[in-house]
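Each structure below appears as structure tokens.
In what follows, subunit A forms one complex with subunit B and a second complex with subunit C.
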Partner chain A sequence: MRAYWAIFQARFRVLLQYRAAALAGFGTQVFFGFVRVMVFDAFYRSSSSVQPMTFPEVVTYVWLGQAMLLLVLFRPDVEVRTMIRTGTVAYELVRPLDLYALWFSRTLAARTGPVLLRAVPMFIVAGLFLGLEAPASWVCAFLWVAATLAAVLLSAAVATLLTVMLLWTVSGEGLAALGPAMVFIFSGMIIPLPLWPEWAQPLLDFLPFRGMADVPFRIYMGHIPPGEAVYALLHQAVWIAVFIAAGRWLLARGTRRLVVQGG
Partner chain B sequence: MPQIIVEDLVKTFRVAERRPGLWGALRGVVRRRHRIVRALDGVSFALEPGELVGYIGPNGAGKSTTVKILAGILVPDAGRCEVLGRVPWHKRLDNARDVGVVFGQRTQLWWDLPVIESFELLRDIYRVEPAVYGRNRDELVALLDLEPLLDVPVRQLSLGQRMRCDLAASLLHAPPLVYLDEPTIGLDAVSKLAVRDFVKRLKRERGVTIILTTHDMDDIEALCQRILVIDEGRILSDGTLEQLRARVTPERWLTVDLVDSDADVTDPDATVIRREGHRMTLRFDPQEVSVPELIGRVSANYAIRDLFVENPPIEEIVARIYGDRRT
Partner chain C sequence: MLDALRLYTRYVGVSLRAQMQYPASFVMLATGQFLVTAIEFLGIWALFTRFGSLCEWTLPEVALFYGMVHVAFALSEAVARGFDVFPGMVRNGEFDRVLLRPRTTALQIGAQHLHVTRIGRLSQGLAILLYGAWALGVPWSLAKAGLLVASVLGGACLFSGIFVLQATAAFWTIESLEIVNCLTYGGVEAAQYPVTIFRPWFRRLFTFLVPLATINYFPAHAIIGRPEPLGSPVLFQWLAPVVGVAFLAATLQIWRVGVRHYRSTGN
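Up next is the complex of A and B:
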């Protein structure tokens, strides 16, 4: 366990070095947050029917989304991708480590480092000036932390699966583009999931992607009441288990047919 | 009791063939043509504890494939392989604890971190006891002169510095077996000497078993009593350097840079094997004509800018062994 923790820490520290990128990203995310708030403002003004979310709730949802954007906007682990392309992956395999746990640790660090760098300033700025409301209650805040941690694990499990798939396509660019696009739409990052049409709701409820954004956000604002939050957390837990199992299975197959590139 | 036993190892790869041109690429999308490459074709050898074996052969001969099978990374198609009594690909994790590997063309150090942090990560990965780690690290740092490099991020190291750090990194857990896959590739003369010196001491003082793959005949001459030659997945020769040379050829090559590109060097004891513009390469047998004598004769008779004497390259020797086998 200590080995994986050490690798997590090392990767995390490296990622924390990218402060300039985080600052630029923060600026971009504030800008797009504004655009999205304005779009929803126009939508709520022009609509007379009752919506499943109030406008202040949507604003909070948008800023939470901007803060946690990188949890959803992901690619397979860049380091592992380079390793597979150059053959340095051989070094990963001569370690007395479980390869899946090793890659999961790396991915987990890659998920949390950049998110943390952007989320903290975004909470401060959006909370003070941009209409991000505080959690509905202490219970909601506590459940939100739990759901966010689960969202991080879920996101890491999906990203690790994408990383493992790179073993099959040497360039892997197609996968890298397709996966995140789907996740982005179905997690609620573009349109909050409650605003989707009625017929789409069962599908969205079933899919794993809401667990990365929509679930923690709505728990935060009490839109999912604490009583129902348990089921949402369970939904996350089940999908985490599914993605980890799939990743492990695929990796076991992948290493059996592995061709380490270059000489 | 041998530490490493390899018997009749076979490994094939399926390589997708690309057809040339746009039309070929389009057809490739619909139907892939595959070619089977036999990387290993019945390789056998055994290593006793404490041996230092040079494993040589041209590019694509199967050297790295063998090393990767011994490290448990690749699974062979057929044959037997035991490392310290274990089948490496069945017990990859246990095997990994007893093996140190350096792939010369890549680094195992974390690119963005100072060297010492990579070492500490490896300590955690291999679960080395703090006392053992401290002793090992200090010894390696002293032997490889790493003290000034420890706080430098790996990306700022020169290739030679990096290789010294990589060597240390692969030995922090004090493995009884070490695979060095082209550790001197791309290094300058000074760094090569440092690496060779270190490998020599590693064998002498720690008694580890070492497999060294290389293209550099000088590495072999400096280090190895025993040499395995492999080509096209087959072991062509297994024995000492003297046996190998004696078996193949005692010849040396003399390369001459002429002032005048039209001049033609001829000498009764040497034969021209190559000429490229101003540069001519001749081969001769040092038992028939001594090196100073030949150089004296050639430089007296022709206007020469530069000259040097070398051993025929490995590819040449391997090609001859291969030729011998066929005839």
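Up next is the complex of A and C:
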């Protein structure tokens, strides 16, 4: 366990180095958030019928989305991709560590570092000036923290699975390109999930992706009441287990057929 | 000029052939890009089914706006994306080599890195543009079709101008100015919608400072044949595409100043 913790820390520190890029990214995200809020504002002004979410709730949802964007916006580990292409992945196999746990720790760090760098300033700026509201209650805030931690694990488990797929270079690359699109739409980053048509709701409820963004956001604002939040957390936990199991199984298959070239 | 054009097609040809060496990977990356950009329109569609309209605008009208800006951006990504990697060339001194060659720098920089996967964004933009043009139900004429094509080309010039500006900054900063992404990607996001739905300060930013509204907002009014609430003359709506070309010409002049200012980082 100590080894994985060390890997996590090292990766985390590397990612904290890119502060200028983080600042620019932050500015861009504030801009995007602004555009989104204005678009939703225009839509809400166009219709007087009652919607599943109020406009202030949507504003909070948008800013939470901008704060947590990097949790959802992901690509597979670039370094592992290079390792697979050049064959140095063989060294990874030699290490006296569990390969899945190794890659999972790397991914987990890659998920949390940049997210923290952006989320903290976004909460301050959006909370003070841009209409991000405080959590509905202390209970909601506590459950939100739990759901966010689960979201980080879920997102890391999916990203690790995508990285493992790279072992099948060509088809893996394709899936790795399609995966993020699926995650983006089904997690609620395009539009808040409750605003999709009613007939799509059962599907959205079932799929794992809402656990990365929609669930924590709606728990935060009390849109999922604390009583039901337990089921949402359970939904996240089950899917984390499924993705970790799938990643482990696929990695075992991948390493069995792995042929390393050169010497 | 003709020589430059021939050189450009050679550049493009080399780039295409290199990328088509892996056809399976090309197909999947292009499909991936198609889906990534298409889901955004799916979101707009969902909002329209829920809210009915967007401040008197209908889905086909917004589809027209959306299609015009995405096709324009995809075209400019294809021809000018090389400027995006330019800061890296300044940093490692690669730009020195470009200066040695007896051809214009802008052409050499722009023509490199033509990504075939951009065909994904282009085709989804085209598909939605065609849907919008068909579902609008306006009588199309040759003049209107011409205006549509001109607007898209003008828009491609405008976005290319922004890429050039972003690259030019690297002569002074040596780093890439990522904040300019607000104007490129953010501009695409904003220009998907009629500019009047935004707040006045934002509207002014994208009409006067970076004239994104000339890509689709003004010409679309001439095409749809609807009175324009900001009170622009119809003649201006027809001439709007020229603004993009002028913008690119101006940024290329600034680029020239930058090239003269260039000091190699050396090694």
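Here is the rule we go by: the second predicted complex is superposed on the first by the 256 of 263 C-alpha atoms of A that agree within 3 Å, B and C clash if a C-alpha of one lies under 4 Å from a C-alpha of the other, contacts with A are read in each partner's own complex, and residues count from 1 in each chain.
Assume a residue touches a chain if its C-beta (ideal position, glycine included) is under 8 Å from a C-beta of that chain, and two chains touch if they have at least 3 such contacts.
What you see is a predicted model, and the numbers here were worked out from it, not measured in a lab.
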Mind checking subunit B and subunit C on superposed subunit A, clash or fit? fit
May I ask for the angle at the C-alpha centre of subunit A between those of subunit B and subunit C, rounded to a multiple of 10 degrees? 90
Subunit B or subunit C: which reaches more residues on subunit A? C
Is A:185 contacted by the first partner subunit B, the second partner subunit C, both or neither? second
Once chain A of both complexes is superposed, is A:231 in touch with subunit B (first), subunit C (second), both, or neither? neither
When the two structures are overlaid on chain A, which partner does A:34 contact: first (subunit B), second (subunit C), both, or neither? second
So, does A:25 touch the first partner subunit B, the second partner subunit C, both, or neither? second
Please work out whether A:177 is in contact with subunit B alone, subunit C alone, both, or neither, and reply first, second, both or neither. second
One more residue to check, A:44. First (subunit B), second (subunit C), both or neither? second
With the two structures laid over each other on chain A, which partner does A:168 touch: subunit B (first), subunit C (second), both, or neither? neither
So in the superposed three-chain picture, is A:87 touching just subunit B, just subunit C, both, or none of them (first/second/both/neither)? first
Please provide the least distance in Å between a C-alpha atom of subunit B and a C-alpha atom of subunit C in the combined superposition. 6
Using the touch rule from the top, collect the residues of subunit A that touch subunit B in their complex. 2-3, 5-7, 10, 13-14, 17, 86-88, 90-91, 93-98, 256, 258-260, 262-263
Residue numbers on subunit C that touch subunit A, as the complex places them: 22, 24-25, 27-29, 31-33, 35-36, 39-40, 42-43, 46-47, 49-56, 175, 177-179, 181-182, 185-186, 189-190, 193, 197-199, 202
Touch list for subunit B against partner subunit A, complex: 13, 59-60, 63-64, 68, 71-75, 92-94, 96-97, 99, 101, 103, 105-108, 110, 112-113, 117, 120-121, 124-127
Would you pull the subunit A residues touching subunit C in the complex into a rising list? 20-21, 24-25, 27-28, 31-32, 34-35, 38-39, 42-47, 51, 170-171, 173-175, 177-178, 180-181, 184-185, 190-191, 195-197
